[in-house]
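One structure is given below, represented as structure tokens, and several questions about it will come after.
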């Protein structure tokens, strides 16, 4: 079987707790420098109690960096998204005024909730902040992004919990393959909010300390905030403009666990199906995969069931390539996670390096698998990246090295 | 003791929206999870909130809940032994 | 070009009795209020009590509409579920915000948080059907359903042997309605469903809620209700007649080839002009059908407009209360649906009988 032509990745932009651009994120990854610490910007009861991956830039600073007038209403997720998407477009060198059809597909779960929770009572009482009312829906920020970035073509927003950005990336690739777009700016964004911090805390899966993905004694996640976007282009378009892709997106898959609203099935059925679909689409065998950027949230349920799914795909612990969760660096960035980890996957291919899974000292006994705990240089041709969410939403993306 | 079990039944019905059930439908010894009443892990979290708000008992680890919430009776026993 | 997809079953919960079998919009429920909650079916028909007890309105309406669509299509399940929702599970979102504002630091009930997640309706359908296939949720304001429908077209082009459930759902909130009111979205002057259009112009929309789902595949089958030929969206557009005429050109159609057009008039005199422009120019002389004046306004009302279009194909008769302008066409074979909300999120769906 001939796989469909790969999708070229020509630009990337990222802002997270470990860096304000892609280069800074990479430096932190190779120096094993995490971004998890106490809450400093968000006004919440949990300020001195829970650890987060916070981006140490205020909204006002973001307004200024993006040259947005102070009186306009942009919520934090959108501000972060515009910063990251701008970097991605600059790296790709695309001009939205040329004749190519450019789409914007963004993912978010928080949307404008940070403003809504802040002004929930204030809106009723005073006029001052009412211009933020329209910012609540998840789709609103994408529309603001489109205007800011000058994207006049197709735009949409995806919200499928923690797999959102992976699904946005997948839709961009599918639309290019279907001939509906020439290129797509794809990714996701989520800022920290009281809503999500309290939400995960109420589920009793928020770690009181640093999260420990794939560790026997893991006790939950740390939330983080991030925005990450990639520019996808039809391969012939990239070639015509003599652009050398950073890497290729060669496979993707989405499936539903159809087991429970929040918990994954014991054998990780959804994750298994998603990985299998991605491999089949790319016409690759499990043994072709050189590194897996796992979802690895460090909740008891996720890491165990994802581990089972990995073992089902790769068949034995010995056949499992090096894998790591980078969430101990960034925190779980929800709708941005699939995109920031897509960028980490591309960085792994570009620099031929496997990133460390921090804080794992005792692997999960029942699985018999051990994540990569130290940075390692090795030959990497194909990287698999998992994103798994509430509602059983499971996605896998497969990235392949660009020719030298 | 039976006063407490009756109270728990009423609270569980309200908190978990078991609107088709009445207090009389619930037996003290019916398993709440699995093949019994059929509650799930989200219900277990709701019951943990109920223990805290109603009886001042905090369960730090959701895994502890499995034993505590086996039946109405085990819940009642646990509350009697631990309430403040 | 993406190929048409055939619709084999449809289900709709709305502020009208659309869930009743064979409902044809002839008897309408009237309301004199703003907002208008859905006219509920008996959700227990399709949802076991242990599942229903925790489900919010979006999940209930979505499962009911999806199950109704499957039943009409004579199927037990589908291979994929693709949904659109402008605001997701709004009521649970409000509940969790209110709880955390009042009680942050204490034990918070987790259920509203879980169920505030935007993909919960599509997930609930998958869970209810045991459908492990592709599952997607679009949250593109008033173009959410159009995004889902476009994805269904792409998905079926990739998987020509499969069948998908595609639809849209939106529910009303409580506090959010107050916010909409402050923002000037809502109609104050004698709100009424059916909304009188044209007679006494006034600003504001009447907010409703609902869910519509469809079973779609690439196979025409014997009893397809119709086929969706094209769907397009324009987030920001100034002149509807320009993009509609380009749309028709791209599909090699002359305006006269359209038998009827569904227009999203909602009685908000600030934005209804968009429809009036095309009604009097590009689409002049073509029968005009309204739907928001009987269904209310919400982000995914476009899905219910598609439901209506398919019903019109079946009956070949436009109820008088929906016919805004023009006369009954001799035959209804091709319908164009055009909607926008507050001057943004323009959407077009071209649907044909055969």
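Chains here go by letter, A, B and C, matching the order in which they are written, and residues are numbered from 1 within each.
Basically, a contact is a pair of C-beta atoms (placed from the backbone, for glycine too) under 8 Å apart; a residue touches a chain by one contact, two chains touch by 3 or more.
Everything quoted here is computed from the prediction, not taken from an experiment.
Interface comparison, B-C versus A-B: the higher number of contacting C-beta pairs is recorded for B-C.
Summarising the inter-chain layout, the chain whose CA centre lies farthest from the centre of chain A is B. Once the centre of each chain is set as its mean CA position, chain A and chain C turn out to be 30 Å apart.
One inter-chain figure worth recording: chain A and chain B are separated by 38 Å, centre to centre, where each centre is the mean of the chain's CA atoms. For chain A, residues that reach two or more other chains under the stated contact definition are 202-203, 260-262. Touching of two or more other chains is recorded for residues 42, 45, 48-49 of chain B.
Under the contact definition stated at the top, the residues of chain C that touch 2 or more other chains are 107-110, 114. Across the complex, chain B is touched by residues 202-204, 260-263 of chain A. On the chain C side of its complex with chain B, the touching residues are 49-50, 53-54, 106-111, 114.
Considering their complex, residues 44-46, 108-109, 111, 113, 116-117, 120-121, 123-124, 130, 133-134, 136-140, 142-143, 146-147, 152, 154-161, 167, 171, 174-175, 178-180, 194-195, 198-199, 201-203, 254-262, 269-270, 273, 389-393 of chain A touch chain C.
Looking at the complex, you find that chain B touches chain A at residues 40-42, 45, 48-49, 61-62. Within the complex formed with chain C, the chain B residues making contact are 15-20, 38, 42, 45-46, 48-49, 52-53, 58.
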